[in-house]
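Shown below is the structure under consideration.
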Amino acid sequence: MGAISFDLAHLLAGSLVLMSFVMLYQDRLPSLINAFALQSALLAAAVAWQALAQRAPHLLVTAVIAVTLKAIIIPLVLRYLIRSLGIHRTIETVSGIGPTMLAGMVLVALSMGLMLRATEASNVIAREDIAFALSVVLLGLLIMVTRRNAVGQVIGFMSLENGLILAGTGAHGMPMVVEISVAFSVLIAFIVIGIFLFRIRERFDTVDVAALDRFRGERQ
Amino acid sequence: MMPPIDPALATLIVPACAALVLVIVPFSRLGGWINVLASFLTFVAALALLIVRPAAGALLAVDDLNIVFIVINTLVGFTTSVFSAGYIAHEVETGRLTPRYLRFYHAMFQFLMGSMNLALLTDITGLMWVAVEFATLTTVIMVSLYRTREALEAAWKYFILGSVGIALALFGTILVYMAAQPVVGDGLPAMTWGTLLANASRFDPALLNIAFAFLMLGYGTKAGLVPLHAWLPDAHAEGPTPISAVLSGLLLNVAIYAILRFKLLLAANPGAVAPGPLMMTMGLVSILFAGFMLYRRRDVKRFFAYSSIEHMGIIAFAFGLGGPLANFAGLLHMAMHSLTKSGIFFSIGHMTRIKGSQRIADITGLTSSHPLLGWIFVASVAAIAGLPPFGVFTSEFLVVSSAFAHKPLLAIVLVIGLLVSLGALFLRLNSLAFGEPTGSLAPSRMTHAPMILHLAIVLGAGIFLPAAIAAWFQHVARMLG
Amino acid sequence: MTAALALQGAQSVLALILAPLITGIVRKTKARFQLRRGASILQPYRDLARLLRKESVLADNASWLFDLAPTVILAFTWVAAALIPVLGTDPVLASAADLIAIVGLLASARFVLALAGLDIGTSFGGIGASREVMIASVAEPAMLMLIFALALIAGSTHLPAITAFVQSPALGLRISLGLGLIGLIMVAIAENGRIPIDNPSTHLELTMVHEAMVLEYSGRHLALIELASSLKLLLYLSLIIAVFLPWGADIHWSGWPPYAERLLVYLAKIVALAFLLGLFEVSIAKMRVFRVPQFLGAALMLTLLAVLLRLVSGSF
Amino acid sequence: MMLVALLLCVAGLFAVAVAATILAANVPGRVLTYGATAALTLVALSLSALGLFGGGIETLRLPIGLPWLGANFRLDALAAFFLVVVNLGAAASSIFALGYGRHETAPQRVLPFFPAFIAAMNLVVLADDAFSFLFAWEFMSLTSWALVLSHDRDATNRRAGFIYIVMAGFGTLALLLAFGVLAGTDGNYAFAAMRAHAPDLQTAALVLFLVLLGAGSKAGIVPLHVWLPLAHPAAPSHVSALMSGVMTKVAVYAFARVAFDLANLSDWRLSAVVIALGGVTAVLGVLYALMEHDLKRLLAYHTVENIGIIFVGLGLALAFRANGLHAAAALAATAALFHVFNHSLFKSLLFFGSGAVLGATRERDMERLGGLIHRMPKTAAYFLIGAAAISALPPLNGFASEWLTFQAIFLSPHFPQWGLRFLAPAAGAMLALAAALAAACFVKAFGITFLGRARSPQAETGRETDKISLAAMAGLAALCIVAGAVPGTFTAALAPVSQMIASDHMPSRGLAAPWSPLVPSLGSANSYNGLVLLALLAAAIALVMLALRILANGTSRRAPAWDCGFPDPSPATQYGAESFAQPIRRVFGTIAFRAREEVFMPQPGDTAAARIHVRLIDPVWEAIFAPIARGVGFVADTMNPLQFLTIRRYLMLVFLSLVVLLAVLALWL
């Protein structure tokens, strides 16, 4: 594998992490959705590049799924949802942007430190990919836990999933990546439908004790 | 004589076909019966596995670890289908469900059973993950079946937490592949249990460790281990009772089974950090946490959901402790818990239906008003509390005594946890089963057979454990290290 | 064997005959010290005879237990008294019951007496019974501790063996024995309902213990109860003699009929003790009922101290 | 052979239990159930008696239970003796129930569990591996728990059942840990393997501690006795008799089996703990009983007392054995075991009596009873014998075994250790105090219940109980007298047991010489002969009666009670249970229970009644159990909000777990 191949893979994977930070930074839903769409597109590119580099054409399916579903359809649907459900555009974050970004940096450092040491036996590209993938996963989780808004959480989850796909494609010759990405797409579709069906509005997250009392019989 | 069709495959095909048929069949009562029939056929197929164990195929493999669980899985699936035929019909009568949902319900039930069978039988890590994911999705839908505010909220909670868990599990699965890939090469072999296990000693231990951390948290979320448990009580409480039975009895087992499979790899790798401390810690925390939470529960299904968390904790603790005795105990406990707990949920189905309420305060004096149901329930609770002559006693005996021999302090924590939950169980049993009956005294028209069957098996296992099962468990226990 | 049995029988009869006399002597002594003439020392015999002649009045709701109790009480006390060695050092039947068993027999008698006190369902019967068992609940442990101390010193709870040991030259002056003697006297006072614990001649309601229990008895029943009480007093005095003052119980003067000299010595000792008891009773005031446990608690402590001191003084 | 037959009896009992679920529906079925139970237990009784005298050791392994271990059973002298106790009590209960059980209000809640309970107790004694033992042990708890809840409409019974099952679970887990220690890390649960290697001092101390927790909580050792006075009275009386008279003995068996046989405790410091606990238990048990006015609860507290006496005996046996004083150890062990036997007799008898009273009056509260001797003369007579026996009064059996215990204490100067030399007399003082207080308590129990005037209409109209129940009581009463009269025969029968656990036995002239006196040890001058004493007493009574007939005016006249001239017609003016115990409460209760009396005296001119209120604080409950209950409640309350977090916070938990785990791995690698 040539240097260009490696550099390109590195660049794409790295930019996924970068996009995660961008998403972490957003406090408005539309821009968060945009950032996510961009990350998904980048993921598609990374997967496509892997398909070429590993000579594994089936990975292209995954790339296509990523670009159609996550870069185009889901962002559109989410925008529609925001409009139709009347969800506030601004996202309440739990702590300020600064501490969140700092936590994100720590997470990236953690995943780099951990993965790069653990994967010394694997080939370079897999090492890079898996370390970046872990960063994306952790940052996705961080997005989820710092957003009080259901849509924000869903986007965090999908970003996390991008990291997983990245890891799956980065692992050399891993079978079933396609199946897994399809399965995940179903999952995501369900989530998005769920928002709609379940009428998950603005604040699913609440500290209002009266709301908690809804739990049947658990508080009197 | 070879059976005309591979029974292992049959356990997957029957539910799949049944699910398709059920989507089409419009009549609810017929749907219920088809559901029972399909579950029965699946169960028969699984029983056939006991007699003729097929050679490991490309996708499916039957070995000492999964054979017992596939039988239990299909058995509980069958009994649950019998139970749910009556239960769901009643829900339609009272108008909580519409026939349209019912159709959906039965199809989903078969789909769920098929996914779980696949997760248990598949030889491929990735396929297992997919199966678990589909099982999760199905149960999410089932939990939201009543469309009440609470049900939707519980389903959503389950959905989000379950999805995160499943995502973490996937990352772990990928890491295991990455660990295996340099040794066994690209492609499917690096995801096949047999090959993985044979070569596990040469995997990169560091990668395996990280992988197991993800797998433990991922599948641990599915198993409801504290602090990943949050979805479990609500999902049990708000979904239909047959689904609570399946969740507690089977899905949790499948999750633990997945963890065990990966633990086998770690056990075979000398360089890997033993996952014992992690599992024991999570186990003990689950036991203690659930034990104390039991005291403040007012909803009978949520109450027993917490009890399931406690038992998952015991199982995790047993496997974390390791050694042939504790591992044997863990396997036995999985089997016994799933039978007992699903039986308990059946009886809860009866009583909530009679009383029209899930509140513990609304259900009293069952042994007076409904002696058969009441005493079955008492026996089941005694069984789940770990009292003889039921099988849970055997496994708890082994866990506690071997824990005390190896880790005395942890054993004392374990004992405290067991005692705390025993107290809670009997405190609530006091009001549920005894005292002056209140509310509706109408007899239960549903069949008691599934509960009695479960109880009888658990009783039988408590007194006499067939040598074959013991041998399988002992074999697996030794491999688990 | 027959001779021994005859001696045992004679001793038993002697106890029965002697008992009212001791009561008479105590009363006479008290009367004289109170500057009264007092009744004859034979008055108790006359009282008994009079009671026996009279018709017995039973309360309407008296049960069979009430009727039977005096007989049983007397029988138990009598057997206990008969087992204390007074004439010889070794009554033939003493092997049937050691000191613990003798105390046990007295406890049985008290058990029945307290029940009889409760039988009619009067408040006085109840007051007497409840106080009696309260006193006994401290007195009995004290007595058992005393026995324990004796057993430690003499190596036995067998009364003749203790007597023999105390007489033997091996015995020095032991502080344990002294403490034990004081304890025994205190217990004896309490057990027999003497001043300062109880007043055998009172009928002032709030101070009664023993008398309150037997308030409903009359006629022959009362006679048996009275005789049993006298017998119990004799028993304790004999016990003090047997354990602490055994000297002279084995003398034999030539020319005297067998056992006559021993009887004489015994009579002398017991009359002296009866006199001392009378003297003690006139010189002290009765204490409040709830001081009694303190009094007996002191006895218990003394006997425990005796045991401990015996343990400390080591091996002899 | 004997063992197989015994196991068949147990299997038969289980079969009866299963059949009873149907048979309980009608009266003939109930008679059949109890009859079959009685027959099977009588067979088991004779088999175990044969086993005791036969002296051999039989073992058997059944292929059930843990696959690699099987279910091991063993019949040796110790087991045979306890089987005698169990089956004698069980047979008596079954026979009593033939009559008493007919009035049962909830037969289907009693009958299936009754034979199963008996079977479980038999299995505990027969078990020869830790698994079978605990299996039977906990099954025994479970069945008796169900029996405690047989009158489940009563909230106090439900509370009793709850406390009982939690304590039982606690005990089982403690025993489980004890066996875990004994089995070692390789998990060999067979008793034979545990016997094979003696534990070191530290392990032995741990085992003792755990066994005291486990067996002690079942036996009723203070402070683990709290469930006992709640649960024993809650069950029907024939079951109370079984629980109090027999099940506590099974717990004693568990202790003896572990302490003497399996762990082979051989350090005097350990035995000192047992002696001290026994003494404290005896005194506190009887003090609790004195404060009680519920008849059955009073009896249950007396069980606590007697267990204390038994444990003092066992502790002394351990202490003597640890010092190689085998003859003395044999004496102490025989005393304890004889007391085990005796207590099972009179405690069953007393519970039967209380059951008869309960059946006749529907009352357990002594403050509402009285005068029953007129209505129930036979029950009263049998109860009186039981009361005298438990009060350790000669010439009955309770005295004989306490006499032996005291004789064992008198041997304490032989101890080389100062600690034991001081402790033994102190324990003796406590036993003496307990015995005296027990007598006081049974004057109260019998006097207030049977004597005096009826305190309620029910007590006024009670009827004598049925003939079968009376026969069961008569049998036990006769046994109490016989065991008191010929204790030598019984101690001779115990020789194989004391030989087994103390390597020596008391001097005896064998079973064939019942007239021989009881001699504590060879060369001792001390002796006690119940038969002679009984003969003397009979002779004395006969003489007194004869003399009365000759000398006295034999006429009697009935008249109103005299009562110092102020008889009051109201039965309320009698002494009741509370007032009877008042002097003792003032002497001991102020220390033990912080007893306070509060008097409400109305102002002069006010016609309101004056009231006296007694406040007792149970020190054990206050110091141990209430804080535990509060602690559990507090932790549960503190944790409860975790049920009501938002999804985001739950996700945070998952996230934090992941990060912590990864960080740990990162540092570790």
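Brief remarks follow.
The letters A, B, C and D name the chains in turn, as written, and every chain counts its residues from 1.
Here is the rule we use: a contact is a pair of C-beta atoms (placed from the backbone, for glycine too) under 8 Å apart; a residue touches a chain by one contact, two chains touch by 3 or more.
Given the structure is predicted, the values throughout are model-derived calculations rather than measurements.
The interface with the greater number of C-beta contacts, when A-D is set against A-B, is A-B. Using CA-based centroids throughout, the chain positioned farthest away from chain C is A.
Note on chain placement: the centre of chain B and the centre of chain C lie 77 Å apart, centres being C-alpha means. Put simply, the C-alpha centre of chain A and that of chain D have 68 angstrom between them.
Here the CA centre of chain A is 30 Å from the CA centre of chain B.
Averaging Cα coordinates per chain places chain C and chain D 35 Å apart. Residue positions 156, 160, 164, 168, 206, 209-210 of chain B each touch two or more of the other chains.
Of all residues in chain D, those touching 2 or more other chains are 643, 647, 651, 654, 658, 662, 665, 669, listed in ascending order. By the definition of touch given earlier, these chain pairs are in contact: A-B, A-D, B-D, C-D. Taken in their complex, chain A has these residues touching chain D: 94, 107, 110-111, 113-114, 117-118, 138, 141-142, 144-145, 147-148, 153, 204-207, 209, 212, 215, 218-219.
Against chain B, the residues of chain D that register as touching in their complex are 63-68, 108-109, 130-131, 134-136, 138-139, 141-142, 146, 149, 152-153, 155, 158-159, 161-162, 165-166, 169-170, 173, 176-177, 179-181, 183-185, 187, 189, 632-633, 635-637, 639-640, 642-643, 645, 647, 650-651, 653-654, 656-658, 661-662, 665, 668-669. By the touch rule above, chain D contacts chain A in their complex via residues 643-644, 646-648, 651-652, 654-655, 658-659, 662-663, 665-666, 669.
For chain A in complex with chain B, the residues that touch the partner chain are 114-115, 117-122, 126, 130, 133-134, 137, 141, 144, 153, 157, 160-161, 163-164, 167-168, 171-176, 179-180, 183-184, 186-187, 190-191, 194, 198-200, 204, 214-220. Every residue of chain B that touches chain D in the complex is listed here, in rising order: 156-157, 160-161, 164-165, 168, 206, 209-210, 213-214, 216-217, 221, 227-228, 230-231, 233, 273, 278, 289, 292-296, 325, 365, 367-368, 371, 378, 382, 385, 387-389, 393-394, 397-398, 400-406, 411-412, 415, 418-420, 422-423, 426-427, 430-431, 434-436, 462-465, 467, 470, 474.
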